[in-house]
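The block underneath contains the structure these notes are about, expressed in structure tokens.
By written order: A, B, C, D, E and F. Residues from 1 in each chain.
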């Protein structure tokens, strides 16, 4: 603000389908990483039960429960099934469960999310992957500390939702250099920025998502680009020393400069 | 014997791969029928738990345990998976379990067969399909009456092995007109001749298997056909009033006419 | 009405995607049941052709025609394919056929629905599953009595659409205790409430669909819940002795109490 | 022979599994090419019915019948299914049909081969692929000229077995530059050396198969290589002006030099 | 116009999903044909590299790059994968790539479209299928002549987009009777009306798409049919000697008769 | 030997199919672990390229090369494909490559193993998994140090064959506590006892394989068990202070006690 810069924030750019297109690639990557790090946490040296995610013929695979069937949860299910695990996806939307069932068929079980269903399932789980997010709100604590106590020693929780608080009561953010800790015998992996593990893939994914916006700004200038694309305009957060995003302004307790005003001022100066 | 007929029995014709080729089609059909009749027994009106084999999104499918991964068991697994059930195949051969795992991937769980593994699994099963056969011996009673008592009310046992005694202690043969009975709340389907339910398919399957032998007999006469094909010759059971199959003769307490002698005599008369 | 109860009807609650979310689970279950009961009707003892739905290697599987590619039809196709049948789906929407083709690939044939196409296909069918429904209208009689006469003896019709009149001219509603009858050699299965066969699965599926509405009513009271959710409000049928649903009122020949009025009155009494 | 060369023939080298390993890659390639050229022959400009092998949603795909489920037939089935056709494989071995059924599941129908089954199927076929070979014997003429007359105008026969005479009575060898001709309205593709269409793939495939033998000869000399590997030795056809292969010698009406003698002479000279 | 006919053009009828429903079937068919004709062009006799699209075990399959993941591109990917090729789909929409990835899983690679990505991929490609169309605009020339120079001798370009100019700088329209030409060693297949190769399939597909409109016109007369369905009305191009479609009128430099006026006149005459 | 114990060694028990059944489960587990640890090594923090094994839509997945298509290689391929990688399997047996191709279809590329093929492929690989073993011989060094120099910085080698020396010239055994090291920028994972990472799964897998032998010994005594099962007898290594296995004896430079003698002595003492 003091530098007078015009700032566009990735996290408030919107899309016509209602999601946040510059954040979505990171959800996708985090979801795909979850079974991979979960499998690693199940190894003995990491404190896990010492089991192979996919088992071998004659020895059953790990039971994997995925809380939430959104972008991260779907990707997590696909990789976990691909690694041979026995996967159950839990969601409170029947529509989401139908999509999961259509995509994975007999390879995934779908369960409607209730407190009692989760409490029942969690007792036999080897790997719990939490992906439940409510955009713009704190993540609901679907897994209580009491439930964690009922889990088997050496089982694993990967809390992909940790960026927004986590969906387990026992989750607290960790880092890539010290990714896990143990509560009641359960290994917790709660790295706050999971996609940072694979920066090359993450960067390309992010570039693909941002490139159309960058090209529009480069070709037309930011004012025209924003005036023609309200989704890009939604990304404008700071202009001429003022905050233009109401939510950010409210959080910081400052006055909001309406985006329209920012444009008007801009257009005036240009002409 | 008194009619002087020359009789070839389907059940003793052999093949180069060691199985009984004229019985195999019936095992295949019985295996494919098992999940179909099991699903039907799970309906409320049949005394079952009132659940759908494949569940629906949000409601888990039935847990199906298949004892034995041979011809019948493999076919049963394929249909049960196709109907959407959650399938576990139990066998005491690691090689068989590897074949099952390669064929069905994540869609089937494989478990090495031990008494304790079966006792553990059976408590949560909705449909148990027994297909374990030991050729030329009584079927082992893998499921004891005590285990059946631990099953859930309304669960179902389909005992495909009933033709050779059944693999559950509580199994006794039934008929297509009165196919089921209930023991300790568990519906038992133990029809002795399951393929009889689909005679058209069964007949064609049997014809396909027998046709090469029939053509050989028609083209060459039975003596030459048998002398050129020991597998067909193994089917000869009765000739000129004598029993030629040692096992049958022993079971009946009569003297065996060696097959060689039958041939010699035959050739002599012809010339 | 005389009791003064406030009544919400499952069958008029709507959703943002335009369907009836409290009826959809039953369509799904009926669709999955259809190949299962159809396979059973094909057994000899049930009057069928005596063929196995999936055939065996060397003996072709049953030809299954599914009229309608909606919720029921899609589920029916999935289970029929899973059981090994040769499946053709007929629909008059090219968009629906594209979805079916994308989901099932080479395992299903899709055919555009015309009278002549159905008449041509029906002659070689073993199992015809009728799922065509037009919401709020009588089901079209796609299969005439004359067409049924051209079907093979022992073939089977499962008319899932019987609840709204059925899509075959020869269909009339039956019950679980006496589910079939024969017309021109064709076995008809026309049980009006198919999901009643699996009440446990059906109840859980229905609970999953209704729970969000029940929670909203419990948390907020029915007036606020309805004022905040027009889809729930669409379910209100009776209030204070009056009919609030115009279609129901028209059918009964009584005056409609506008929903808005019901709310106003309600709010007034509360304050 | 007059040059005194020592000649090893690809077509008589054997393997421990009983087939001819230096010919097998060509069967594989011909099988994969068959649906490709068949699809092309179905185009209008080639004289075909003008249909797309895989159809599109709402328009059924081509009916493809494959005679023979061996190497060529299996490859042909895989590609035809991949292109979206409706595939039926016909073979007189139930064991072969079981393998096909296990590999392709619901995507292929299997039919036991009888004259009447073929005559029945051929009337509705769009593309018939003939792959039936009997090693060391003339290919059986499974499809008579009379049957061809019953085929639809514009349907197609690809006779992969033409190298050994073809399995249709109406087949006669053609070339890549003039690959097809029409009999009774049926387009016949009978190119004698199908793999010649893709020489780069064929050469690499052949090199992979021959390399182990070439290395053995290069490392050990041909005499030791052959003495240590009877399968390679079976390939010796000409040595020191004599024919060493009895079948070839018989066909040419000359005396055979026993392989043992060839070796003995060779060994003598070496020592 | 001079005949006074009332003309409805297939190519301007619209649908509620924004595409052109009477053109879509042709895109579908062209996409499915593309790998088939591409495979054929890869044959030696057609000037190609002489490789088999799907390779054989031990010899890698062809590398296929598909530019554009729309209707044609998706169909092309499905058939190319089915024929065993190694497929990469390039598109500038991440949403499209996600759909492709969900449909084909590990069997297709997805790449975000940039000039450099295409230039990099094209050097190792065996078959390039161009399907990129921008409705109502000239197809972008994604592949420059310079890029074509970097392709391997004997590689193949199938330019499905040739009807709107093609997406390669080196593309120019050809015909079914002389479908290919060679530029810089690269075989170009640029037939302008690909679905014409399979007229029977194309006609049925088109009939399925047009039938609902035809029935509406037959049942209601064209005026009422159009007044009730704006998508059909969008197809009206000529009426009473006037052009009613603004774009066509502009292209021809004549005055447009507003559709409303056409209706009003019509209605007046009727009354 | 000094204790006078009778010792049976897991590693010399044989089976009727020619492999070592008590070692096979460990190969299976190591193969399944290889992509999991390889994916982890590709993370930035482990020194890898920072890429996700399966990529995301728009960003290509990792290129994985698996040397050897035996038990370990097949399992590695299955998991790597399941995680979304682009997999190529290299083997010098065409028969093995055919099996891989049949199992994985379009999802895996197969390449015949030659020095030049490996040298060509290795330049673009992200993850190389070495599984080549020659029973009873040192593992061939298929990947030379010079080849490793041509690999990309941050690429990864997982040498499953390290227990028998490894198949890369740069491989040297590591441990679970310090599993990797870097040579020429390439991360090497060469843990000698990979299954030790998942001891619970490994133990059950081993128990399943050994149980039949243990039961036989328990039921019959070791002498009779061995006399009835030559595969178990092959496991006898030490008896009455003598070495009974010729290879072990030769390696230790001591005299062998023939197994027959051990038996004779045993039998004598028993009687």
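Points worth noting:
One rule holds for everything that comes next: contacts are C-beta pairs under 8 Å (C-beta built on N, C-alpha and C of every residue); 3 or more make two chains touch, one makes a residue touch a chain.
These numbers come from a predicted model, not from an experiment.
The chains that touch both chain A and chain F are B, E. Taking each chain's centre as the average of its CA atoms, chain B and chain C sit 37 Å apart.
One simple way to say how far apart two chains are is to compare their mean CA positions; for chain B and chain E this gives 54 Å. If you average the CA atoms of chain C and of chain D, the two centres end up 51 Å from each other. Under the contact definition stated at the top, the residues of chain C that touch 2 or more other chains are 25, 54-59, 78, 81-82, 84, 94, 105, 112, 204, 208. If each chain is drawn as a node and touching chains are joined, the picture fits none of the line, ring, star or complete shapes. Pairwise chain contacts in this structure: A-B, A-C, A-E, A-F, B-C, B-D, B-F, C-D, C-E, D-E, D-F, E-F.
Residue ranges on chain F touching chain A, taken from their complex, read 25, 28-29, 32-33, 36-37, 39-40, 42-45, 49-59, 78-79, 81-84, 176-177, 196-202, 204-205, 208. In the complex of the two chains, the chain B residues touching chain A come out as 54-61, 81-82, 84-88, 94, 97-98, 100-101, 105-107, 109-112. Contacts from chain C toward chain A in the complex involve residues 17, 21, 25, 78, 103, 204, 207-209, 211-212.
Interface of chain F with chain D (complex): residues 92, 94-95, 102, 105, 112, 114.
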